[in-house]
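Read from first to last, the chains carry the letters A, B and C; within each, the first residue is number 1.
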Amino acid sequence: MSGLTVKDLVVDHGAITAINGISFTVEPGQLAAVIGSNGAGKTTLLRTLSGLKHASSGSAQWSGEYILGKKPENLVRHGISHVSEGKSVIPELTVKENLALGGIWRKDKKDVVAVTKEVLELFPRLGERLSQRADTLSGGERQMLAIGRALISRPKLILLDEPSLGLAPLVIEQIFHTIDQLRHKLGLTIVLVEQNAMSALRIADIGIIMNLGKIVATGTATELINDPALHAAYLGY
Amino acid sequence: MQQAINALLIGISNGFIYSLMALALVLVWRSTRVINFAQAGQAILSTYIAYEIVTRTDNFILAFIGGVLAGALVGAVVEILLMRTLFKHVSDGPVAALAPVIASLGLLGLIRSVIGMVWGNDQKPFFPPVSTNGFTFGSTTVPFSRMNLLIVLGAATVMIIFTLIFQKSNLGLALRAAAFQPEIARLAGIRVGAIRTTGWIFAGAAGAVAGILISPNDAITPYSLDSLLIFGFVAAVIGGLESLIGAVVGGLTLGIGLSFILTYIGTSLIFPATFVVLALALIIRPQGLFGSKAARNA
Amino acid sequence: MHSLRRLFLFIFSTLILLALSLKIEELRVYQGAQIAIYALGISSIVLLTGYSGQVSLGNGAFMAIGAYTAALTQIHWHLPLFFTFVVGTFSAALAGAILGGGAARLSGPYLAGATLALAVGLPTLANQFTILNGETGLDYTSGTPPTWFGESFTLYKWFFWIVLVNVMLMMFFVRNITSSRYGRTWKALRGNPVAAQLSGIQVGGSKVLAFTISAGVAGLAGSLLGMIGFVGPTGFGLGLSFALVTGAVLSGVTSLAGSMLGAVVLVAIPELASVIAHRLGDTERVTSNLPGLIMSTLLILTVLFTPNGPAEQIRKHKARKQ
């Protein structure tokens, strides 16, 4: 089976069980929004899928391959890119260097040049700041840089952890718009973790609602948006 | 005036050596967050290997290359065998937090004992490849010799090569990324483990160059680089511990500073002076000349 | 434990050990004195690292300060032996207070480097100032045992008695400090500096105090070591600091009782080494380097496999079984 399939996944942080047996499937090309309150286990889920965190049990497959237990640097080579929580850039490096980082491992240097150009077209503001250190960027620009770096690895699956964190509403809309654009243009599969439930669901195909390490509801994005019970309990409006 | 120039020249020559040692410490610190006290041991081991080659072949260049390669190799071995095991077993507790520092101290002791068993603890003369007599200009002879010139040129070459690698190459980018944010580096596809080993390899080579260049002025013993370790550490602290350029500037500052103190005040003060410099560096600029974050406060 | 009971325990064990010394071989008596001194030296590190969470690779330097000041006051001012110990202890404590003032602001690696610099640098002073008499060192003696102790009461026994009484006194003091308010403060600091600060503990002052006391304890150990051996730069170099750290790591750094164990190992290593060296043919190179080899290997293996010391490991193992 292709796409992303997670089965009976359990992940512990020492004595704390952050993810307690969850299963779901994201079809290729779909955008799945993962929603839940603080401490629901969303970040832990993404960290497990990208290889940063060990799972205690269960399985996860991407494009038919089992991915748990693999190292993040190898999963990147399998087309999985993780943009981690809190603007995943290296502040001490310049914008240019941060972007270059995403292409170091790739053999096809011509394509690295090409995709870098694409990224700079997508985020022109980065192009104007290439030799600036990343810590001088605004929050939104940093998020663009983080996504840009991930794209340079030519991923098939992107794991995005709260791209809207700490951004102004207008910038959030922009970022979400870009994400939506990207996946259609590049045919990406995306797992998007968000607190901003409505914005995320609006661009998502399916939604996964988590609470205390379990999935409490799944469905198409439209179903979830229109479910009044969920609104009250988890979506917060 | 003449005296001041002499002090300056000697200071620069020594300063370059201190810089190399500082560079070695900074490279390891950045890649693994360990102050590697065994650096002195690794460097003296490389120097003994160079000594062995030079006494057998009488070819300094061959000895230099052999010693530096040995230094690089020892660096890799230490990282892979000792540091990786150490970080695998790491747990909480008062010693665990200090485990890498203590392990590096243990390694320093181990390397010295092994050297002592193989070569003996007595002084071995390391013959200089070029004259150690000062240059003569007209009627005045300055204490700066061909050997000093070789030191400056050799050290400067190593630093230029390092700078090029670090600032211009992908390997350098990977090294810096892995040093600053290992997790993000991994997510970007960088094999941080291998990169870390590379950092130790470079450090081992830098330390070896320092040891091999400083030793021809003197005889070698298993302990003869202890003071270089201290000077290198102080230089690294002056430079901010994180910064390669800082290490170079720190080394030169310390070298020149100590040289003036020795010339004008007296040799007896070299260690107290070093200590004062260290204290001043920590008080005046706790983040170092080139450090951006106050990393050293508890 | 009640402090009164503790006092009796200390007095009782001191008396037993003093009595024992009359019954055993001369060499062992001397080694007993060495063990007691090392135990004191190690406990100076236990106090600092195990309790207040600071690291020192330079306590050998404090021992040197203790030994040299004690010797100098004996030579130049003819102070009675006990007062030279007091001088040695307080001089080292003063040095510790000065260094501790800076140390309190430093985190692990910086402090490790700075104290290492002290351990390497301080002994070189011996060759720079004529009053310290270079490599030859200073003459510092305990004097002969009182004649009314009898013929059979040898100089080594006299060493042992002096050492043991002083070590026990200091250990008693240290033991009480660690279970006092200060000891608890240090532990709180080590565990969670931020929380400790929030609960009103003066972080800086408390750390400096730990450094001062640790240095003082090391100073006394140094004076005693100088008395039974000699006061010179080779005896108080990096090797000594290194031995103390090894002993402290072997004993697990958190328990004062463990420091005895570490001390026994330190004294046993040269013995073991000489046995092995004998098998290997007794060449100069082997005999002079084997103790160092064994010690550093032991140190590395300990931090690799039982990072918190063998004692800690055993405790954990027991806890798991239950």
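Remarks
As a working rule, contacts are C-beta pairs under 8 Å (C-beta built on N, C-alpha and C of every residue); 3 or more make two chains touch, one makes a residue touch a chain.
Keep in mind that what you see is a predicted model, and the values were worked out from it rather than measured.
When you average the Cα atoms of each chain and compare centres, the chain farthest from subunit C turns out to be A.
Chain closest to the overall centre, judged by the mean of its C-alpha atoms against the mean of all protein C-alpha atoms: B.
With each centre defined as the average position of its C-alpha atoms, the distance from subunit A to subunit C rounds to 55 Å.
Averaging Cα coordinates per chain places subunit B and subunit C 31 Å apart. Centre-to-centre, using mean CA coordinates, subunit A is 43 Å away from subunit B.
Among the residues of subunit A, none is in touch with two or more other chains.
For subunit C in complex with subunit B, the residues that touch the partner chain are 49-50, 53, 55, 57, 102, 104-110, 112-114, 116-118, 120-122, 124-125, 128-129, 190, 193, 238, 242, 245-246, 249, 252-254, 284-286, 288-290, 292-293, 295-297, 299-300, 303-305, 307-309, 312. Every residue of subunit A that touches subunit B in the complex is listed here, in rising order: 50, 52, 71-73, 76-77, 81-84, 88-93, 97, 100-102, 104-106, 149, 153. On the side of subunit B, the complex with subunit A involves touching residues 170, 173-174, 176-177, 180-181, 183-192, 292.
On the subunit B side of its complex with subunit C, the touching residues are 29, 33-35, 37, 82, 85-86, 89-91, 93-99, 101-103, 105-110, 112-114, 116-118, 120-121, 226-227, 229-230, 233-234, 237, 241, 267-272, 274-275, 278-279, 282-283, 286, 295-298.
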